[in-house]
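Structures given as structure tokens follow.
Here chain A shows up in two complexes: once beside chain B, once beside chain C.
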Partner chain A sequence: MMNEALIQQIIFDALESLNTELPDDKQIAIGPDTPLFGSNAEIDSLSLVSLIVDVETALNGEHDLEISLTDDRAMTREISPFSDVRALKEYVLELIKEGSHGN
Partner chain B sequence: METDRYLGKSIIVTGSRRGVGHSIAEYMLAQGGRVFGFSRGESMISHSNYAHYSLDVGNAKDVQSAFFKISKETDAVDIVINNAAVLTSQYALIMPAVNAQAMVNTNLLGTFFVSREAAKIMKKSKRGGRIINIGSMAASLEPIGDSIYAACKAGVSTLANVMAKEFGSFGVTCNTLGITAIDSDMLAQLPREKIDQIIQSLPIPRYATIDDILNVVNFFASERSSYITAQTVFLGGIN
Partner chain C sequence: MSKDVDLISGEFIELRKLKVGDAEITMKWRNSARASLLNRASSSLEEQIAWIARRPDSEQNYIIQTRQGLPVGMLSLINIDLEHMRAESARFLIGDEEAVKGIPAAVESMKLLYDLAFKHYKLQRVYGTVASDNTLMIKWQKYLGMKEEGRLRRHYFIDGRFQDAVCLGILAEEYEQDAKPRMLALMKISSHKL
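And now, the complex of A and B:
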């Protein structure tokens, strides 16, 4: 059963995976409020894409949830669901509740 | 003669029901590969290592759903052959909008949707991958009547070139094979005289064979080709 803690862990795992590809001075401090997008974020755009894909494939592959994190709604929201870990977690929860598979 | 070139490889072939896609899929199966075929119609291939997905590659949701199912069947996608295409040859002034839209959806967006979903699995598998787009001589020759088709085929080269930059960091190469005319259902839709005339103007004035196509596909798909990306190779001396 997918819950908030598990979703947060999936995002943390993706960030840890990202850290393995980053140099020591670019390591991301991982926490519930880690910024992912915007002026406070330390993650560049390509790394953010990588993170989103890692979270999406983990949800698809390991948790059998057919979810797309990059549908039209995600891209057009006033407040981005990718702004920080918490926002992303809540967006994933929202998609699961809706059973939304977006494109 | 080699018979296991694709042993242990999982391969997606779009447009696998007929023509070039069908031949590529059968060849890769004969070479030990596991093939997942996409086409709008039902399967025309019966083989224990073949799984068919009836879908429209121009529909992002259908493509995503197919890859979701494929990810349950295999941990990796090693090779993608983006071959699915539709063709309406008509003067631009009288080209029906619906036919123009269909070409963009299948030939260009279909290639985009399939490539990006495959790349997600390739990234996760950490095995890299090969994305091979089937282009066309039309992209270079720009024949009258093929405005949208030629633009789409030029577009798939550009898609590959950009994706090569985006996917290179996780070992995925993206290339395009620009094929010349080959006897197929698609060719039968065109006036033979017009195609003969084009073929006669080529440096090597003959129709392509499936072996010509497989030769370049094998090159791009080879594990040794990890340093070959963002390239378009035309058959028959076109450049």
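And now, the complex of A and C:
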């Protein structure tokens, strides 16, 4: 069963994986309020895509949820789901609750 | 080649033709840590000026700049072949990451280059190679529509060791059907109010 803590852990895991690709001076301080993409962001657009791919892979592959984080629903939100970890976690939860997955 | 395009305007950024006056800033970007996985950069300003001056007609080399004209990176379409209708995307580098925070500059740059290739030149295929250690770029290009077509083993000698070249490519219809919608979505999402 997918819950808030598990989704947050998936995002943290993706950020930890991203850190292994980044130089020492670009390491991301991982936490529930870590800014993601934006003017106060920790990560650039290459890293954002890496995060999206890793989170989608974990949700789709390991948890059998068919979720796309960059579909029309994300585009119509007033606040970007990629502004910070909390926003992304809440967005994933929302996608799951709305039954947008293939389970 | 008679189909030069000097300026391509997007929603967030522009691609404008590289000129000799860009030698200093492009040399600085190419010698930065961010460019460590690209081919060797010029070692002097004179060398960089000469390199820019001798770009052949088969290349379209661009500075990525903000809509206000601030240079933030570079991107090229090279080996443009109008017989076989193909070209190579190359020299992609966001040099001033701070200036484009919160702006989908990388995605829109690539979209504008694909528009140039597939709409303006009506090419069938765009391809490129990325050093195998450049895993973020490989992941990014694949997410935005390129497919891995093979590997050239020990193709690059970078950072004191050999690396494979990962060969990537995208066809015109793949761009229209898959890559472009995804790029537009990513641009919209990443430019949202925060």
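Here is the rule we go by: the second predicted complex is superposed on the first by the 100 of 103 C-alpha atoms of A that agree within 3 Å, B and C clash if a C-alpha of one lies under 4 Å from a C-alpha of the other, contacts with A are read in each partner's own complex, and residues count from 1 in each chain.
As a working rule, a residue touches a chain if its C-beta (ideal position, glycine included) is under 8 Å from a C-beta of that chain, and two chains touch if they have at least 3 such contacts.
What you see is a predicted model; the values in this text were computed from it and never measured.
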Larger contact residue set on chain A - chain B or chain C:
C
After lining up the shared chain so the two structures overlap, which partner does A:Q8 touch, if you call chain B first and chain C second: first, second, both or neither?
neither
Which partner chains sit in contact with A:V53 here, chain B, chain C, both or neither? Use first/second/both/neither.
both
Partner chain in contact with A:E66 - chain B first, chain C second, else both or neither:
first
Would you please give the residues of chain A that touch chain B in one complex and also touch chain C in the other complex?
46, 50, 53
Would you tell me which residues of chain A are touching chain B in their complex?
46, 50, 53-54, 56-57, 60-61, 64, 66, 68, 101-103
In the complex, chain C residues that touch chain A
33, 94, 97, 100-102, 104-107, 135-137, 139-140, 143-144, 182, 185-186, 188-190, 192-194
State the interface residues of chain B toward chain A in the complex, per the touch definition above.
59-61, 64-65, 68, 71-72, 120-121, 123-124, 166, 169
For the complex, which residues does chain A have touching chain C?
21, 23, 37-41, 44-50, 52-53, 70-72, 74-75, 77-83
